[in-house]
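For reference, the structure I am asking about is given below.
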Amino acid sequence: MATHTATLAKTGVQISSTRRIVMGVIFLALAAVIWFYFGQGMNPELVTTFGLNSAGSSIMLPDWVFNTLNTLNLLAGVSAALGAFQLARGFGKSTNLVLGLVVAFFLFAFLSWAAAGASLNLAGLLRTTLQRAVPITLGALSGILCERAGVVNIAIEGMMLAGAMVSALVASLFNNWVGLLAGIGIGAVLALIHGVLSIKYKADQIVSGTVINIFSTGMTSFISAKFLQKYQELNNPAIFAPIEIPLLSKIPFIGPILFTHNLFMYGMFILLFVLQFALFYTRWGLRMRSVGEHPKAADTLGINVIRTRYMAVTLGGMMAGFAGAYFTLGSVGRFDEVMTAGRGFIGLAAMIFGNWNPFGAFGAGLLFGFADMLASRLAILGVRIPSEFLLMAPYIATMIVLAGVVGRSQAPAADGKPYDKE
Amino acid sequence: MAKKKATRKSAAAKKQPAKKTTKKTAPVKAAKPPKVDKAPAAAPKGALGIFLQEISAAPWMVTALAIITGLVLGGLIVALTTEQMYALWSTSPVEGLRAGWQAAMNSYTALFHGSIGNPTRIIEAFQGGDPAAIRSAINPFFESLNKSVPYIFAGLSVALGFRAGLFNIGAEGQLFMGAAAAVYVGFAVTGLPAIIHIPLALLAGAAGGMLWGFIPGLLKAKTGGHEVINTIMMNYIAFRLSDFLLRGPLQRADSFNPISPFILDSAKLPRFFEAPIRFHLGFFIALGVAFLVWVLLFKTRWGFDLRTVGANPDAARYAGMNIVWVTIAAMSLAGGLAGLAGANEVLGINHNLAAAFSSGYGFDSIALALLGKSHPLGVVLAAILFGTLRNGAIQMQLTAGIPIDIISVMQAIILAFIAAPAIIRTIFRLRQPSHGEESVRVRGWGG
Amino acid sequence: MAPVLELRGITKRFPGVLANDRIDLTLNAGEVHALLGENGAGKSTLMNILYGLYKPDEGEIIVKGQKLEMQSPTDAIRAGIGMVHQHFMLIPVFTVTENVMLGDETTKLGGVLDRAAAAKRIREISEAYQLAVDPDAYVSDLPVGVQQRVEIIKLLYRNADILILDEPTAVLTPQEADEFFKILKTLTERGKSIIFISHKLREVLEIANRITAIRLGKVVGSTTPKQANETKLASMMVGRPVDLKLDKKPAKPGAVQLKVEDLVVADDRNHVTVDGVSFDLHKGEVLGIAGVQGNGQTELVEAITGLRDPIGGRITLGDGVDITRAHPREFTELGSAHIPEDRQLDGLVLSFPVADNLVLNTYYNRPFAKGIMLQEDAIYEQADRLIAEFDIRTPNAETSVGSLSGGNQQKVIVARELSRPGSLVVASQPTRGLDVGSIEYIHGKLLEKRDEGVAVLLVSSELDEIMQLSDRIAVMYRGKIVDIVDAKTTDKTKVGLLMAGVRDKARS
């Protein structure tokens, strides 16, 4: 008996040590790429110039100039050291934090390499990254709301698209605020349909989400083709003006990056913090998560599973509607057919990447936003890697995360399962 | 012995429709039979009553009513989005309603003319006897069949996945990879006779799609990574890859646009008529492949493995089946079928590959696989329906000014009814089927 | 003293089953009232009614003198009733505090959780009742025994004074169970009243003040530990011997067909549930594995049939073939048959036709397949033959198995497994939930196999079944075989005692 317990315990240790080694190898691999791919053959005389002023900067900062090769070697060295430590000892609970650090080093090294002998506006890049992250993060938050209560939502894309169109249309007729509300409202309506199909009629949640996606894509394109293109005045909303936050926006470097955006950016940050707090620190969040993890247990404690799920799905739809309004009222100022271009699905991936956690999803959203931004910029810089491959990176990363190589992502236990009171 | 065989044959003939009901959508879970059996006493007696009762419990009834309801609601949307209706409404509501009705009728007439053909024109053309005029008059019908070809392949792909308990949302990406591979073989491999070149290009297309299905299949079987997310990711990777290919290795030498060279004549799928009819061999290849899929699923032991794994993995394990292998194989095959969809489009219709050449096949094929109950015959019929609607919608857009996207809306409505048959049963007061409803059920994220 | 709880004439029908038949029950303050009965006797249904999860068809519930109309568990909680379910209702990714406070949260302004206050109360409760738990620990990290304490704290946190404990020791190790009984003593000392559901005789005698036995949905008797002993309880729970004697020929045991040596198997949670089991099974005999469910029988069968790899020991067939880690298909091909415990989960594909289910593990062999092609004629020919031979009531061979009755579903499995030539049959709970006719039929078929010289391993938690069919009986208790006895020289009471882990009395 004792021997068997011992063997079991050993396999437990082996599993976690496998993960430690995989992580260590990943760190070393990133270090190796910095060292060999970026660093080798680099002219030691080359310098990288990073601009630190973006649009709206009031205090001009001088450019940041440094020797490329030395920086690369330094970053490679530090990453390799972290990898070696991870292999030997492991960082334990802070492994993910170190992973984030190494990835950040890698991205910085990449940018330094890309801008070797040239100049790159770092502040501008970061500002754009943040902007691109907004709809993705909001989409992920929509997914988190639904799935934390146990309803899979692959219809984020469709809800976003509907939100984009309706908000543009209504904003053109009335004003932006009414348009925004209408966009949020249409998200809620579609979410309710998803809810009725999947909660009441217990249709498969992925099929039901597909229904919403097809419907929304068809309906928005239909209305766009039938009305918006004919009557241009119906598709001419104003864009929410940027709001410079007093004082904060004057902070050098950070100020213009963070505090010179319009409503949607601040909205995203507020919703992000509110949701993170509400999920983990309030009664509302506790009950919602219990419904997503173990609805039967919640039911035995007197929590209304069905009502909670409807509530969560509707809020998720409103979030997606808000994300959709970003495209028309926050960015483009016009509705184009299929303009969300898969951001909803990327949001879904960001949700999984971020482990159904708002902050995690924001981190993933930044990563996706960064890749999105790079693809357009690097073409200009003439980097040797085709931009398409950079754009693929986040998708591949998501698949790796899903495969459990970098630690298993943990979906709510009852996610996707209809609740049958029996 | 002989007698026994004969009874079985005749029984089989009778049971043909029944057979379809038992071999419905996979992964299937027979829902529990209704707890309380409602006494059918309230139903009217007499032959008609019994007939109505029988028919209302028939499983195809929901499908038929879902399609009809979808078409009606589509018409309603057309009517409600007609400007004249509102303009006339203020003067006379009756006139307004008439305008709405007229708009709906006009669009469905245009849809019919665009998808099947204009009967008057066809009769006139045949009376006139001018071959070109005849071809042009009957062209809509053949173009509808052409349109249904990629739907058949992609629908089979999704259906095969369902049968194995897998949800393939990646038909779009697999289709693109198939198209890219087929086009490459079509223009880069020279000096082959058509009899070799065409199959080679088709095989290349299947292989391209297969690779795109194999990866999520492997991940699902080995790590439990959910195929829904992984196939969506594979879709985006395919789009980026095709962007890259069309700006690099596959780009036409004399063009700045992301477009591939035309394939060689030896790789083109033969067409059966002169212009403008583009009807090509692909349609029959699709029917043949559908037949093969049917044989594979229902007549071979591999299909038995696949359906068992899809319907009840625990029982499959008990019966000694290799679930890992079946999952990988099913996902690869599904990818291959979607790849063939892409290959047929480039080899039969477009003859080259352009960016954004596919639009929405992935999601449409999910809808039609569900509509066809994941049965190859059902998929073929649903695909022809979708192809016909899509094709007719082009005419509808031109003559009645109704955007083509109304078809997607109708598809979504039909799919909603298929996914939640209880809605249709409530609306039309249909009887509950005695064995309970069967429905698609996907396993949760992360395995 | 007026009882704190009174159930009067509770009746509950499910389609085709009378789960509770006019049950009366009273619970006095500060007592432990044990509800004794076999699996499926209707105990859990009764308790789910009491907890507001089911509505009774007839009867009333009176709590502290007041009639109670319950719509949901909320009403039960309000009336001071709390329940620990057989399968814990805990959320693994939540902390102890979160699990306990869920549904009855302590909050600050605006619905913000006051975890500190809740944790403080949990600490107070855990001190008062000696229920040591760490409020900040995650439930998934806790051993089962501690999880159970969390469940009890959940009830105390809601000020429940009527506690329903459904098979609370089923998942506990012996040490944990002893610990748990101490907790129950503390609880009753502080005025809590407890309904204790169990089928384990010894612990009922140890912990209860009063005992009520239920059988087939009816109360069959009440007693107290002072008046009763294990023998009496066993006969109460199992019922008077039913005169259903099978016409059984004497066994002619032959050579050893299955040899299990020192087998150790772990379950999905990596707990060792089969702990050093050894036995020989001879040709031409039925070896019954008796035991209360959950004592390792499931894992034992899974290990033998190839569905679960053992972590130690050896399984060999008569001709010396080692099947310790054999694949299920190898097991089948070596001439062995398996009637699985859960027919709908493992044994059948409900959406498939009867014919396909009849070849579920032979479809790839001739004559059912040639090359890769299935031979439908052969499959249906065999189906027609088996449907006739095994009296499967189905409209035809193409009907989906899911639409057949439970008895006919099981006959499909029996037909498939017993129609194959072979030398070993492993039958796990072959008649669970079936009607008497099907039971008799399946029993007859198993004995027929035995008389043909096949070795039959019968695993069942139905004592009657074991007694009727077996030639030898091995009794499993907590993963070990307590004893192997000769069926001719033993009686139900002795086996019942062995099932409760009592060995010495059964010997005497």
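The chains carry the letters A, B and C, assigned in the order they are written, with residues numbered from 1 in each.
Keep in mind that, in the parts below, contacts are C-beta pairs under 8 Å (C-beta built on N, C-alpha and C of every residue); 3 or more make two chains touch, one makes a residue touch a chain.
Owing to the predicted nature of the structure, the values given are computational and were not obtained by experimental measurement.
> Should the pattern of chain-chain touching be classed as line, ring, star, complete or other?
Graph shape, chains as nodes and touching pairs as edges: complete.
> Which chain's C-alpha centroid is most distant from that of chain A?
Chain C.
> Of the chain pairs A-B and A-C, which one is connected by the greater count of C-beta contacts?
Ranking A-B and A-C by C-beta contacts puts A-B first.
> For chain A and chain C, let me know how many angstrom lie between their CA-based centres, rounded off.
Roughly 47 Å separates the two chain centres.
> Chain A to chain B: how many Å between their CA centres?
33
> Touching at least two other chains at once: which residues of chain A meet that condition?
In chain A, the residues touching two or more other chains are 410.
> Using the touch definition up top, name the residues of chain B that touch chain C in the complex.
Against chain C, chain B makes touches at 4-5, 8, 11-12, 15, 18-19, 22-24, 26, 28-30, 35, 299-304, 307-308, 311-312, 314-315, 317-321, 434-435, 438.
> For chain C, which residues count as touching chain A in their complex?
Spelled out, the residues of chain C in touch with chain A are 51, 53, 72-74, 77, 83, 85, 89-94, 98, 101-105, 107, 110-113, 154, 264, 266, 270, 272, 275-276, 311-312.
> Residues of chain A touching chain C in their complex?
1, 4-5, 7-8, 281-284, 286-287, 289-290, 293-294, 296-303, 410, 413
> Inside the complex, what are the residues of chain A that reach chain B?
It comes out as residues 152, 154, 193, 197, 201-208, 210-215, 217-219, 221-227, 342, 345-346, 348-349, 352, 386, 388-389, 391-392, 395-396, 398-399, 402-405, 408-411, 414-417.
> Touching chain A in the complex: which residues of chain B?
Residues 77, 81, 167, 169, 219, 223-226, 228-230, 232-234, 236-237, 240-241, 243-244, 247-248, 360, 363-364, 366-367, 370, 397, 401-413, 415-416, 419-420, 422-423, 439-446 of chain B touch chain A in their complex.
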